[in-house]
Amino acid sequence: MRRVSPRTAQRIVVSIMWLLAAATVGTLVFIIAFILVHGVPHITWEFLTQSPVSMGRKGGIFPMIVGTAMVAGLAVIIAAPIGVATAVYLTEYTRESRITAVIRFGADCLAGIPSIIFGLFGFVFFTITLGMGLSVVSGALTLALMVLPTIVRTSEEAIRAVPYAYREVSYGLGSTRWQMVTRVVLQSALPGICTGIVLSLGRSISETAAVMLTAGSALGLPSSLFDSSRTLALHFYILSREGVSMSNAYATASVLIISILVLNVFAYWLMHKLVRKPR
Amino acid sequence: MIDGSIMLRLCLAALLVAIGAGCGNSQSHAVKVVGSTSIQPFAELLAEQYVAKNPTLGVEVQGGGSTAGLQAVANDLADIGMCSRLLKAEEEGQYTPTVIARDGLAIVVNPENSVEALTTEQLQGLFSGKIQNWSEVGGEDGPVRPITREEGSGTRESFVHLVMGKERISRRSLTQESNGAVKELVKGDSAAIGYMSLGLVGPELRMVRIDGVEPTAGNVIAGTYKLARPFLFVTKGTPDVDAQQFFDYVLSDEGQQTLESEGLVRAQ
Amino acid sequence: MKQDKLIALALLMVAFSAVSGLALITVFIFKEGLPIIVKTGPGNFFLSSDWDPSSGNFGIFSMIAGSLAVTLCAMVIGTVFGLGLAIVLGEFCPPGLAAILKPVVELLAGIPSVVYGFVGVVTIVPLIRTYLGGPGLSVLASSIVLGIMVLPTVTSISMDALRAVPRTYWQGSIALGATKWQTTHMVMLKAAKSGIAAAIILGMGRAVGETMAVIMVAGNTLEVPHSILDPVRTLTSNIALEMGYASGQHREALFATGVTLFVIIMILNTIALAMARRGAGEGRTR
């Protein structure tokens, strides 16, 4: 058999690769388009601002939007300070040691745990052991734990990217370490930190399994943090599975996808701000 | 830099507003109704009408399943439990059950399937895996794909109680977690057979006669269609005032009419 | 500087919340799940396929087999396509196009799993049922859906690994007269292999742990699958399907399913972390 010349081999392999890549991107675009094409025509102002009528067959998704904002928002409000503080400790207040190795290992492992395990844990710990019931708080605490590693990781990267000279100047002007961290380092790293927070918000919004076991599925508008609330992702799941109303299911999914899209674009924009910042 | 911190504050402010909006109107005491996913849609409908008539009162309906509902009531996590099967002997002492409606279990197949009637024994064979080909029960040659509900579902437990007896549902049966999912699957698969709430069967499925009796609300009332089960509202002792008021609404003529129009059979 | 020490101490305590969270999760999952494994006997629990909670039989072998089958097939799809995309984006694509495509791929990691599951049910499942036979809900359907879901993870971590390879390698190889493809597969992929392995294993972790999408497309039977057209139940879908209803021993057995999943994930994570660290080490020393 004659050997194929390297150039021909390259041409063949690279075309296959391009084909694979095109198929991949095509599939992804298809998924988003499939949902949006079926869903967007059904999104109206009433759909966004009204409560569901007759089990979600008619009416809107207002309580789910509020519920999602409460659960995901609270999760991020809880996780962000903890995550940023962890990152500050790891970067500014200590040297690499066994302790930082343990903290990093903890965060890395937490990042890999599947959401259903978080759900099981949240269910037995927050809902039952701490007596919070199926509620916004249980869901938010569970999600906070889930997104914590992302916030730690992105904040750490953002803080490390702050040029060392900034710190030296700050010290030179006589500030304490805490002043240096809060006024110089965190200010400069803010876009990067926000990127992580926004991405975590996106992840909280799209989570289903963990929320199902901790926040419950009540249809009404939650009147306090201890009420159960159905999030958009879970509402979509229930609508599509129960076959209640396909048009409302598609519309709910479209609202979800559009929110995720907006958050991602926002995060991307923030990240670019970080990159383009003068050094 | 300044931009960034303004951005962050805006984000936080927006979130707080969103949360605050949710916290604003606190209600006195929402009646918590938890349990069977088969009853859940009907209870949500009743709750919706009830709250529309009594805007100051709240009702919170939660799924989870019949058994979970009973437990929630036992642990005071819920005022009312929804149970879509008969109480087991060991449960009977603990709770006060009230029948709010009756529901038939419809046996559904794909419209392309030529089988129109089955006996209870044949049904048992189809779900236990003893009958593997539709030709054994008068259909066309082809495999049988039974579709069951998940362990713990009231619909499944009623089906096992009414049809299976001592036999076990085959491990090969596909398991779906809701009436709607069973419906979608049977709709698309000509080899499938499933069971679901009579009230939720749509025109895209064909119901099978069981022991010669047509599955209709009338036959459930007459007692000739045997695959029927109660929908129960379960409380621990006497319910409190708020719960009792919702209870009364459900059993009122208006509540019962709502259930009837959704395809269920009145409690009496 | 006393204040400084206090702040450091406070931060240290906060920094341990991730670790304590992990510890709490481990303790509670094991506390709830281990007793039933001991009671049933590990042999019966892990090696029997007889799962019948109402008569007290708890054997999860079919689900372990199901999870493995689905994950392995998903990884074949995810790796071929994910790595292919990473190579194209990293080495062959005009930078402008890559700058658009990479965020698009990363966006996909953010789409809710229920959406993937749903699209799978309405598109892939009927296709398999019509053209390949069987119920449609199957190992194959789940693998395709999961393969697509893990793709962003595989692509983005592989790209990072490829980018971490010093550019001089590339330049050196091209200067010696190698084609771009020869350089890619003989030099770049070899140099980045630990990082790519980490990407695949992390993707595997995602696939094993995915829940909602799998419930919708896997069919959830209790048999060990014999072909890729057979339906299966995975460890995750077993938990999510039955958790709402479970009480007593049944609930414990579901937590024990969680314990099994947890151990599998921890093993995969540890391997991936070690690989990633080795990859990073290789990049630095050379």
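In order of appearance the chains are A, B and C, and numbering begins at 1 in each one.
Rule of thumb we're sticking to: a residue touches a chain if its C-beta (ideal position, glycine included) is under 8 Å from a C-beta of that chain, and two chains touch if they have at least 3 such contacts.
These figures come from a predicted structure and were not determined experimentally.
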| item | value |
| --- | --- |
| Overall pattern in which the protein chains touch one another (line/ring/star/complete/other) | complete |
| Pair joined by more contacting C-beta pairs (A-B or B-C) | A-B |
| Where chain A and chain C are represented by their mean Cα positions, the distance between them in whole Å | 17 |
| Geometric centre distance via CA averages, chain C-chain B, whole Å | 34 |
| Residues of chain C touching at least two other chains | 216 |
| Residue numbers of chain B (touch at least two other chains) | 63, 177, 181, 184 |
| Contacts with 2+ other chains: residues of chain A | 241 |
| Touch list for chain C against partner chain A, complex | 3-4, 7-8, 11-12, 14-19, 21-22, 24-25, 28-29, 32, 80-82, 84-85, 87-89, 92-93, 101, 103-108, 110-116, 118-119, 123, 148, 151, 178-182, 185, 202, 205-206, 208-212, 216, 236, 239-240, 243, 254-255, 258, 261-262, 265-266, 268-269, 272-273 |
| In the complex, chain A residues that touch chain C | 6-7, 9-10, 13-14, 16-18, 20-21, 23-25, 27-29, 31-32, 34-35, 82, 85-86, 88-90, 93-94, 99, 102-103, 105-110, 112-121, 123-125, 129, 145, 148-149, 152, 176-178, 199, 202-203, 205-209, 212-213, 233-234, 236-237, 240-241, 249, 253, 256-257, 260-261, 263-264, 268 |
| Chain B to chain A touching residues, read off their complex | 1, 3-5, 7-8, 11-12, 15, 18-19, 21-27, 30, 41, 44-45, 47-48, 51, 58-63, 77, 177-181, 183-184 |
| Chain B - residues contacting chain C, complex | 37, 63-68, 71, 145, 150-153, 168, 171-177, 181, 184-185, 188-189, 191-192 |
| Complex contacts: residues of chain C adjacent to chain B | 49, 51-54, 62, 121, 125-126, 129, 135-137, 215-216, 219-223, 231, 233, 241-242, 244-247, 250 |
